[in-house]
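The two complexes that follow have chain A in common; it is paired with chain B in the first and with chain C in the second.
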Partner chain A sequence: MSGNYFLYLGTAALWTVGLSLMAMVGGGLLGFCIALLRVSPVKPFAWAAIAYIQVVQGIPLLVLLFISYFGFSIAGFNPSPLVTVVIAFSVYSAAYLGEIWRGSIQSVSKTQWEASSCLGFPRHLQLRQIILPQAVRIATPPTVGFMVQLVKNTSLASVVGFIELARAGQILNNTLFQPFTVFIFVALIYFCLCFPLSYVSKKLESSYVANR
Partner chain B sequence: MSQIVNVENVHKRFGQNHVLNGVSLSINRGQVVAIIGRSGSGKSTLLRCLNGLEKIESGSITVCGTQVNGLPAKALLELRQRVGIVFQGYNLFPHLTVRKNVTLALTSIKKMNANKAEKIALKVLEQVGMAEKLDAYPEQLSGGQQQRVAIARSLAMMPELILFDEVTSALDPELTGEVLRTMENLARDGMTMALVTHEMAFAKKVADVLVFMHAGKVWEMGPPTELFSSPRTEELSRFINSEL
Partner chain C sequence: MNYIFEFSDALAAWPRLLEGLIYTAKLTVASIALGFFLGTFAAIVRHQKIPVLNSVVSVYVEVIRNTPFLVQAFLVFFGLSTLGLRLSAEFCAVLALTLNAGAYTCEIMRAGLDSVHRGQIEAAEAMGMTRPAIYWNILLLPATERVYPALTSQFVLVMLSSSITSQISAEELTGVANIIQSETFRSFEVYLIIGVIYLALSFAFRFAFWAIGLVIFPRKRLLGTSL
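Let's look at the complex of A and B:
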């Protein structure tokens, strides 16, 4: 494999990173809203969030990608593949992050709500100053764990013509006919992207346990 | 003496269990009222009804001139700034320092500036003997110390009344002493206090009024010395004997 090929894979890897980041931001924002709705004392809000989570978690990511990709063009819009892919990944991530964060919020002891309420804190301040800061600590390891999954799952974006790392490996192999070399190299790049995340996750997990 | 708490014929059920079965009671400003009774007699529930943590089914509860039952959420939060509560499990905010635990409600609820809040925090922490732990986190403190910080957090709000819900039940005897001394000092300073307790000696020594609850009712009520030396009912005399 010559330098050009490495450059090609490197560029594709940047797309993988970019796509992961965009999905994380989009999914994070949407997922945060889902989590807040999910723990809302207003029942219809909670039901809406549950429905969203159940529906999205019940659909394969691949199908979400198709729906987003073809759905927009059928509806008469013509967004770039990047936009449709980012939307699909955000919708997907939001369901999982929303559920992770819902669990984190709810695992903060009820007595914390009670104690702050007894000091006169209204709900939004309770969440902001008392509950969420504690939930963040609980949420960090599983959130990072999900990010690792997400980075790997971006490979599915190739099905709608988005050229990221896995797709680039495929294309490269079509010219080189060296599947083993190419895909080992692709795998290595994925590992280099994911390992730091896993490592950070483990670190955070142990520091969280130590800080209890 | 003016009345600060008035409870009239309050009923409350948890499922089949009639925890409060027609409770009536009043507390005057400056009084220390100790509520005793067996587990399940409704004493903690009664205390929690006083600041609206538990809803009642019928009857009426008036605290600081405000009717608690049926009070809208916003008004209830305002009332709670005037009625402190200290829990058995301390319930400090674990992610905040002692300083922040005490000042947070002052700055974000009472909209006090940081300097003023800090001064109050220092004063109330000195009052409970915890001023030197200003920058510690709750997990670095013993149970007794955490409970004293919880008392300080409550005091900082300048409440007209503080409720104490079995605040020493989770502590070993040595740590119980330091918390009880703190409470005794508060009582001496004239703080109005309602406390649910298993510390009979403390109740006898500090309380102005002793309330014995049994079967969801105020079974006997009066000056502690009187109740302890000559209980009028079989239930109270049995309870006293079992506790001593």
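Let's look at the complex of A and C:
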């Protein structure tokens, strides 16, 4: 493999990073709404959030990508592959992040809710000033852990023609016919992206357990 | 939007979808079973801190957990064939899924084994239990019981990621759907149908694991009670 090939894979790796960041932002916003709906005292809201989480977590991401890809075109839109892929990944990560954050919010002690309502906090202030700041600390390690999943799963964007790291590896392999070299190198780049995140997640988790 | 939904073409292919479904189920069950044994063995190695094997297992687990399954599948399928091994897509799919499931199972089982209190093992030794009996009754069974919920959600994820093996030409549900949509051009309908099938399958798997859990762990315990 010569320098040009490395450059090609490097550029593709930047797309993997970009795609992960966009999906994280999109999925984070949507997932936050899902988590809030899920802990809502209004039952139908909570049920809607449960249904969303169950459905999205029960369908393979690959199939979600296909549905989003073909769904947009039959709805008469013709968005770029980037838009379809980012939307599919946002929908997917919202379900997982929503569930993670739901757990974090609910693991804040119930007495915190009771004490703040005794002090006359309305619900939105209770959430914003009492519950969420505590939930964020609990939520950080699993959220970083989920980012590892997200970076790895962006490899599936290759199936709808989006050129990121895995797709670039396939293209390169089609010209070089050296699958072992190419894919080990691709795997190595993924490892370099994911391992620091896994490490941080593990460290955060153990420091959280130690401080509890 | 003036698209007319037409499910009949896709539904007419139901015998092939059924075949794909059975393929997916077989693939998943085989990989879960093999991956569970591999992962449990790896977890024991890490728990016992067996000198060289321990580092081998820890590298294996970190590599698998930090690279995408798609790339692992490509490496197994295309990589092994360049080494001169002629392997079927089916075999490669099971191999890749097993390696993947094994790494995650190892981490889960290790957490379970670590959660067994030392005093339990010392008590068993004091009662004169043999080494294998201690391992089976005091370590493995209670550890598995404790991490069973985490294991089952990991196993459902294995089922979902089996769809990725369609990319190495395994003819499981998604692979069959790819073929049907290229024949009928009813892509959206086909993928919507298999989406529903996958959803039903993941509920079926969760129900099955819950039922299996009732059979193999008959003692009822409150969550969080110590072993």
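Here is the rule we use: the second predicted complex is superposed on the first by the 212 of 212 C-alpha atoms of A that agree within 3 Å, B and C clash if a C-alpha of one lies under 4 Å from a C-alpha of the other, contacts with A are read in each partner's own complex, and residues count from 1 in each chain.
Convention: a contact is a pair of C-beta atoms (placed from the backbone, for glycine too) under 8 Å apart; a residue touches a chain by one contact, two chains touch by 3 or more.
What you see is a predicted model, and the numbers here were worked out from it, not measured in a lab.
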Q: Give one word, clash or fit, describing how chain B and chain C relate on chain A after superposing.
A: fit
Q | First, second, both or neither for A:F180, with chain B first and chain C second | A | second
Q.
Which partner chains sit in contact with A:P60 here, chain B, chain C, both or neither? Use first/second/both/neither.
A. second
Q) So, does A:P122 touch the first partner chain B, the second partner chain C, both, or neither? A) first
(Q) After superposing on chain A, what angle in degrees do the C-alpha centres of chain B and chain C form at the C-alpha centre of chain A, to the nearest 10? (A) 100
Q) Regarding the shared-chain residue A:I130, is it in contact with chain B (first), chain C (second), both, or neither? A) first
**Q.** Superposed model, chain A: greater residue contact from chain B or chain C
**A.** C
Q. Between chain B (first) and chain C (second), which does A:Q112 come into contact with in this model arrangement: first, second, both, or neither?
A. first
Q) After the superposition, what is the least C-alpha distance between chain B and chain C in whole angstrom? A) 20
Q. Common interface residues of chain A with chain B and chain C?
A. none
(Q) Quick check: in the complex, which residue numbers of chain A touch chain B? (A) 111-112, 114-122, 125, 129-130, 133-134, 137, 211-212
Q | Complex contacts: residues of chain B adjacent to chain A | A | 51, 53, 74, 77-78, 80-81, 84-85, 87, 89, 91-95, 104-105, 108-109, 139, 153, 157
Q.
Give the list of chain C residues in touch with chain A in this complex.
A. 1-3, 62-63, 65-72, 74-75, 78-79, 81-83, 160-164, 166-167, 174, 177, 187-188, 191-192, 194-195, 198-199, 202-203
Q | Residue ranges of chain A in contact with chain C within the complex | A | 55, 57-64, 66-67, 70-71, 74-76, 148, 152-156, 158-159, 166, 169-170, 173, 178-180, 183-184, 186-187, 190-191, 194-195, 198
